[in-house]
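Look for chain A in each of the two complexes below; its partner is chain B in the first and chain C in the second.
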Partner chain A sequence: MQMENIQATLNKGPAVQAAKPTKMRSENVTVHYGAKQALNGINLDVPERQVTALIGPSGCGKSTYLRCLNRMNDTIDGCKVGGKITLDNEDIYDPSIDVVELRARVGMVFQKPNPFPKSIFENVAYGPKIHGLARNKNELDEIVHRSLERAGLLKEVKDRLDEPGTGLSGGQQQRLCIARAIAVSPEVILMDEPCSALDPIATATVEELIDELRENFTIVIVTHSMQQAARVSQVTAMFHLGDLAEVGPTEKMFSNPDDKRTQDYITGRFG
Partner chain B sequence: MSDATVTGVPDASPARRDIGIKKRYAAERRFKAYGITAIAIGILFLIALLWSVFSKGYTAFWQTEIHVPITFSEQVLGTPQQAAESQTKLMMANYPQLAREGLVQLLGIDPDDKAAVSAASALISSGVRVQLRDIVLNDLSVIGQTQDVWLFGSSELDSALKGQYDLTVPENRRPISDLQLQYIDKLKSMGALEQRFNWGLFTFGASSRAETAGVGVAIIGSLYMMLIVLALALPIGVAASIYLEEFAPKNKFTDLIEVNINNLAAVPSIVFGLLGLAVFINWFGLPRSAALVGGLVLTLMTLPTIIIATRAALRAVPPSIRWAALGLGASKTQTVFQHVLPLAAPGILTGTIIGLAQALGETAPLLLIGMVAFVADYPASPMDPATALPVQIYMWANEAERAFVERTSGAIIILLGFLALMNLTAIFLRRRFERRW
Partner chain C sequence: MSTFTIILAVLAIGLVGAVLGYRRSRAFAFADGPKLHSRPVYHASYVASWAVIPSLLLLSAWLIVSPIVVYSSVSTSFPEGVLAETSLTEDLAYGIVESIGDGLRVLPPEERSTITDSTPVADVSSMLRARGVPIASAAADWMVPLALQLNSMQATSRLLMTGAVILLALAGAFWGYRHIQPRLRARNSVEGVVRGALIVASSIAILTTIGIVFSMLFETIDFFSRISPAEFFFGTEWNPRFSGAGSDGSAGSFGFIPLLAGTLYIAGVAMLIAVPIGLFAAIYMAEYADNKTRSIVKPLLEVLAGIPTIVYGFFALITVGPFLRDLSAQIAGITTGSYTSFIQAQSVLTAGLVMAIMLIPFVSSLSDDIITSVPRSLRDGSLGLGATRSETIKKVILPAALPGIVSALLLTASRAIGETMIVVLAAGVAANLTINPFEAMTTITVKIVAQLTGDLEFNSPQTLVAFALGMTLFFLTLCLNIYALYIVRKYKEQYE
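So, the complex of A and B:
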C-alpha cells in the first residue's frame, strides 16, 4: 500500500479545519474481559458533527472501545468497564443514567447488516415506536419516510415498504439499518465496520451517506480499510494492543504521523 | 513476497506422491454402504412393525351385526302407560329375551329346543341389553311394535366370521359349534349378517365384552391430560427457558440448574409416576385414577423436553437481532418478547408438540397413579376416573379373548394416528412460521 494513494483519497472537506466542540469524552477508559485487559486507559475526545475513524490491527480494542460508547458491553458477561465516558459532560456510566435512553441518543450500526425479519416499514418504525416519538400513524409515516430519505433508500424502496427488510441487497440492508438508527434521532451514531460485508459499489454509496450524515450527527466509525478512514473521516484514532497509539486530524495522520506504529500500520508493514 | 513466489516455482512439475487416493475413495464408498444398510434395517423394522399392527388391527374397525326383527312386547316391558309412570321396570327389563325371541323366530328354531335356542342366542352379544334399552328409552312408542334392529353379534360370531378360528379342530375344542356355523350360514344367505363400521370402538368405554369395548373413555382421558400438559408445561417451560437463556447470570448455580434439567429429561418415566403418587395423591389428596393427576405427572415429565427445545430455539436466533434491538434502545424485555421470542416460536412449538406426543404415548407413570382402571362412563371432568390410550392398549393386551387381540392392535392404530397427526402439525407449523434472516 502506498502513502500517495491514501493521501489522494483524503477527504479535504471544509470541516477539517475548524475545531469542533467535544461531543463524547473518554478519560482513562479501561475494559476487562474477565481477567484479560482489553483496553489500557484510553483518553479520546470525539468532536461533534465530525466523523471519527478508529483504525488499527485486529484485536487492538477499537470495537471494544466503540461498544463502550453506548454501553453495549453491558450485555457481555464478565465485561468490566473502568474510567469515565461523558456525553455532553454527563457520565454515561453514572447509575442515574438509563441505558435505554442512552442508546436512543447513541445509535449503532453493526458490521453485518442485521435488519429485523419484518417489513421495511416496521424496521424503521420500531425505534420511534418504543421511544414514543410519534403520536399517530401519520407522524410515524413521516418519520419513516424522512429516515429512509436521509439514508438514501427511499427512492429504491418506497413502493415496497411492506416487503421484508431481509429481502433487500446487502448494501440496501445496511442503509436500512442506518435509516433505522437515525429514525430515533440520535446525537451520535456508532458504526462498527459498516462496509466490511459490502461490495465496492455498495461501500461507496454508504460512504457518501456517512459524509452527508456528518451534517447532523456525530459519527464514530471503526474500519479496517485505511482508504475508507481517509475518505470519510476528519479525525482518526489509531489503536494498538489496547492502547490509543495516536489521534489527530485524518490528513495529518495519513501524511505525517507522529507515532511509529501508525506509520508502520498505514504503510502496511503490519496489521 | 510476490517475487519469492515466482522464483520458487520449479521448472518441471513435481512427481505426485502416493497419498492413497484409491483407498480414500474406497473408504468413502464403504461408509456410504454402511449408512444405507443402517437405514435399510431401520425401514425394514418399521415396515415389520406397521405390518404386524395393521394386519392384526384393521379388522377391529369392523363389527359383525345381525339384522333381527325385534318385537318390543308389552309382556316383557310393561304397557307404555306403566313405562311413562316409572322407568324402573324399563331399566330392569329382560332385553336379551327380546333379542333371543327375535333371532329364534328369524332362524325358524323350535322355541322348546333348549340346546338350539341357547346356541343361537350365544351369537348375540349380551351388549344388546344396553342397545335395546336405549332404543326403548329414546322412544316409548316402540313398545308393542316390531322393529328391525342391527344387533351386535357376539365376539365368537365376529371372530368366526373374520376367519380367526381354526375350524378344522374338533368341535368341542373350538369356541363355536357346528350348529352355530349352520345358523351363521343361514343368516348369511338371508342377508341378515353384515360387517359394519365399528363406531363403538371410538365411543364405548371399558367393557368385559370385546364387542362393546372401546377407547372412548381413554381418548377423553388422554385429551384432558394433553390439555393440562399444554396449559401447564408450555408457559412454565417457556418462561423458565427465557429466564435461563436471556436473563439469568452465568454462574455455578445456573450451571447446576442446567445440568439438572438435562438430567431430568433422562429420568425413567416410572419415577415420575412414583413422585406423582407420593406428592399429588398421598400428600395433596387428589383423587386416584383422575386425569388431573395424570396430567400433572406428564407435565413434570414433559417440562425438560420443552425447556431443552425452547432453549435451543432461543439460542438459534442470531445474536445480531438482539444487538439490533438493544442498539436501538429497546429494553431487555422488549428485545426478548418483540424480537427473539417470535423468531424462536416455530422451534418452541415443534418442541412442545413433540413433548406432547411423548406424553401421549406414556404408560408407566399412569399405571402407578391408578389410571389402569375399569372405567365405563365418560369422565365429566379431569377429577373423574379415566384411562388413557396407551393404558387401554396395555389392559386389552392382557385379555385372552381373540376379539381383544384385534382390538389391541386397533387401539394401537388409533394411537399411532394421533401421534402422526401431532407430528404432522409440528412439521406444518415449522414450515409455516419458519423465517429466514
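So, the complex of A and C:
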C-alpha cells in the first residue's frame, strides 16, 4: 500500500511538472458521506492547459473527487471534505473564498446533459448575466455566439437561438452545456463522463472539442472509456476504492503502468 | 338470499374457480407440450373474472330493473278513480303499499298467515303498530291485497335472481376453466379487465360531477323563471328574507353582486397573505432546510392542513377578531384621541387573515412537492455555473416549477372561494357591498347555507336561489380550474 503511494508520487512528479505548471493541487484530500469514507487522502496535481483524465472502476470516487474541485460537494447533505485543494496556490476551502466566485472560475459539465428549460440563447447567456460579464445586449450577443462557436454548435443552432435548449438532440445538448460552461470564461472545466449519454458520432465531436479547448482551459475529465482517455488526455489518474492508485502521462499509463491495479483495469481484468 | 349473501356466494365461486384454474394451468406448465403463455396467477384471475364479472353485472341490472317492473305491475291494479277522490298521488299510494308489504314481512309467520286479501287495513295497521311499524293514516282497504301481491312478486323476483346470478357465476367459472390451455392469453385478458375496472372508476367521478350539475340545473332554471337573471347577476342588493313566502318573491331582492364581491374580496385577501408566505415556506423547505428540519417542519405543516375549518372559525371569532378590534381601538386612540375601533370584530380582514392561515400549509405543501420534483441536475447545472442559491431558485427552479405552482395556487383559490365555516364566524352573514376591508361582508357559500336552513317553502325563490348560487359558484371554480389547465399547458410547451 505504502509502496504504491510512493511510486505514485514519484511518477507524477517530474513527468507532469516539467511540461506545464500546476493549476490545481490536492493534498491529502478526504471525503466522508456521513460516516462512510469515499476518498482516503488524494494527492494529485492538475497541470495547466492540459487534459487530465480520471479513470477507475465504478464507485471508486472519481465523481466525488471532481466535485471537490469546485466545491459542488457543499450542496450534498452530510458530505464532509478534508485536506487541502488549491487553485493557483489559493486554498479553495479557505473561509475567505467565495464559493460562487470559485465556481465561476472552475466550471462543470455533467454526465447527463442538463440544459435549462429556457431558450438556447438564454442557456448560454445565463452565466454571463449572473456574473455581469456583458455590459449591454451586443456584448452578451457576442459572448453567446462566441461560446456556441467554440463549442462547435453555432452552425447547427444559428437560426433557432430562441428555441428551447431541451429540444436539441442529446449530443447537441451536451455541447450546449459545454458552451454554457465556457461562456463564463472559467479557468478550469470539470467534466463528469460528458459522453456517456452520447452516440459515437456525437462523442467524436465532443472529444474534438475537448482537444481544442485545451488551448485555453485546464480540463479534468472523468471517463469510463480507456480509448477516450487515451485520445483526449495528456495526464491520466487511476482511482481505486477511494485511493489514487497511480497518476502519470497518458502514454506511459497505457503502455507501461507501474501499478498492478492500473494494469488490470486497462486490460479489462476488472471494473 | 340477501344481496350481500349472493355477492359472497359469487365471490366464493370465483375463488374456487381461481384455485381450480391455478391448478389446471400449473399442470400444463409441468406437462410437456406448448409453453404456458401466461403465468398460472393470470389463469386463476381469468377464471375468477369470468365467474364474478358477468354475474355481478346481472345482479346489478336485476336490482335496478326489478323494482321498476314490480312498480308498474302493482300500480296498474290501483283501483281507478280512488286516487282522484282522495288526495293521494300514485307515488304516495305506492309508498304506503310498499311499507305495508315491508311490515308484513316483519310479522311472525302465525300472525302473517291470518292476513288475507280481505283483511281490513285497520286490523293490519294495528297489528303492525304493535310491532313498531307505523302505517300512514291514508292507507285504504284495497291496499292490503296489493301489498300481498307486491310481497309475493318481490319474493319471486329475488328467488329468480338468486338462481340466475349463481348459475351465471357457475357457468362463467366453468367456461373460464374450460378455456384454460397453454396458449391462452390469460394475461392480456386480465390486463383488459383491469383496464376496464379503472375506466369504470374514473367515469364514476365524471358521471357524478355531471349528475351534480343536473341536480342543480332544474332548480336553477326554476329560480330564473321567477327572478330574472339580470336582477340576479346585476342586482346590488341582497335581501331575500323580506319577501313574504309565496308572494312570488317580487318583494325580495336577489342581487348577487354583494355576495360575489364578498367572496372575491375575502378570498383575495386570504390569497394575498397566504401565497407569499406559503411559497416562501415551500422554498425554504425544498431548497434551504436540511433533511432533519424538513422532516420535522413538513409533517407539522401538514397537520395544520388537517385542522377542520370550523376550528379556524373559532380562532377567528374568539381570538383574531377581538384582537384586531381592540388593536384598531388603540391605534385610533393614539392617533385621534377617541377610542372607537375602526375594525369590526367580524370583518373581511379577520376572515381573510384566518383563511390565509388555513391556506398556508396547503400552498406550501403543494408547492414544496412541485419544487422538489424539479430535477437535481438543473440545480447542479446552475450552481456549477457559479449562481447563488437564490439566483438558482429565481431563474431556474421557479420558472421550471411555475406551471405546477400556478395550478396549485388556482386550486388553493378554489378552496378559498368555497370556504364557508371560517367566513360565517369571522366575516358574518351581512351581505354588504363595501370596499372597506374592516367591515363585515359575506360570501356565496354562507348565503347558500342560510337560504337552505330556514323553514321556508322548498319551492319559493328564497330557497331556489341557493341552487342558482351553487351553480354560479360551480362555474366560477370551473373557470378557475380550466384557466389553471390552460396555464399548465402553455408553460409545458414552453419548457419541453
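To be clear about the criterion, the second predicted complex is superposed on the first by the 253 of 271 C-alpha atoms of A that agree within 3 Å, B and C clash if a C-alpha of one lies under 4 Å from a C-alpha of the other, contacts with A are read in each partner's own complex, and residues count from 1 in each chain.
We take it that a contact is a pair of C-beta atoms (placed from the backbone, for glycine too) under 8 Å apart; a residue touches a chain by one contact, two chains touch by 3 or more.
This structure is a prediction, so every number in the text was calculated from the model and none was measured.
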Mind checking the superposed model to see whether chain B and chain C fit together on chain A or clash? clash
In the superposed arrangement, does A:216 touch chain B (first), chain C (second), both or neither? neither
Counting only touches as set out at the top, which of chain B and chain C does A:72 meet: first, second, both, neither? both
For A:196 in the superposed arrangement: first (chain B), second (chain C), both or neither? neither
Under the contact definition given at the top, report the residues of chain A touching chain B in one complex and chain C in the other. 70, 72, 75, 77, 100-104, 107-108, 110, 112, 114-117, 126-127, 130-131, 166, 177, 180-181, 184
Would you tell me which residues of chain A are touching chain B in their complex? 70, 72, 75, 77, 100-104, 107-108, 110, 112, 114-117, 126-127, 130-131, 166, 177, 180-181, 184
Chain C contact footprint on chain A (complex, rising order): 70, 72, 75, 77, 100-105, 107-108, 110, 112, 114-118, 126-127, 130-131, 164, 166-167, 177, 180-181, 184
If we count contacts the way the header does, which residues on chain C are in touch with chain A in the complex? 290-291, 375, 377-388, 391, 395-396, 399-400, 494-496
Going by the contact rule at the top, pick out the chain B residues touching chain A in the complex. 249-250, 318, 320-331, 334, 338-339, 343, 435-437
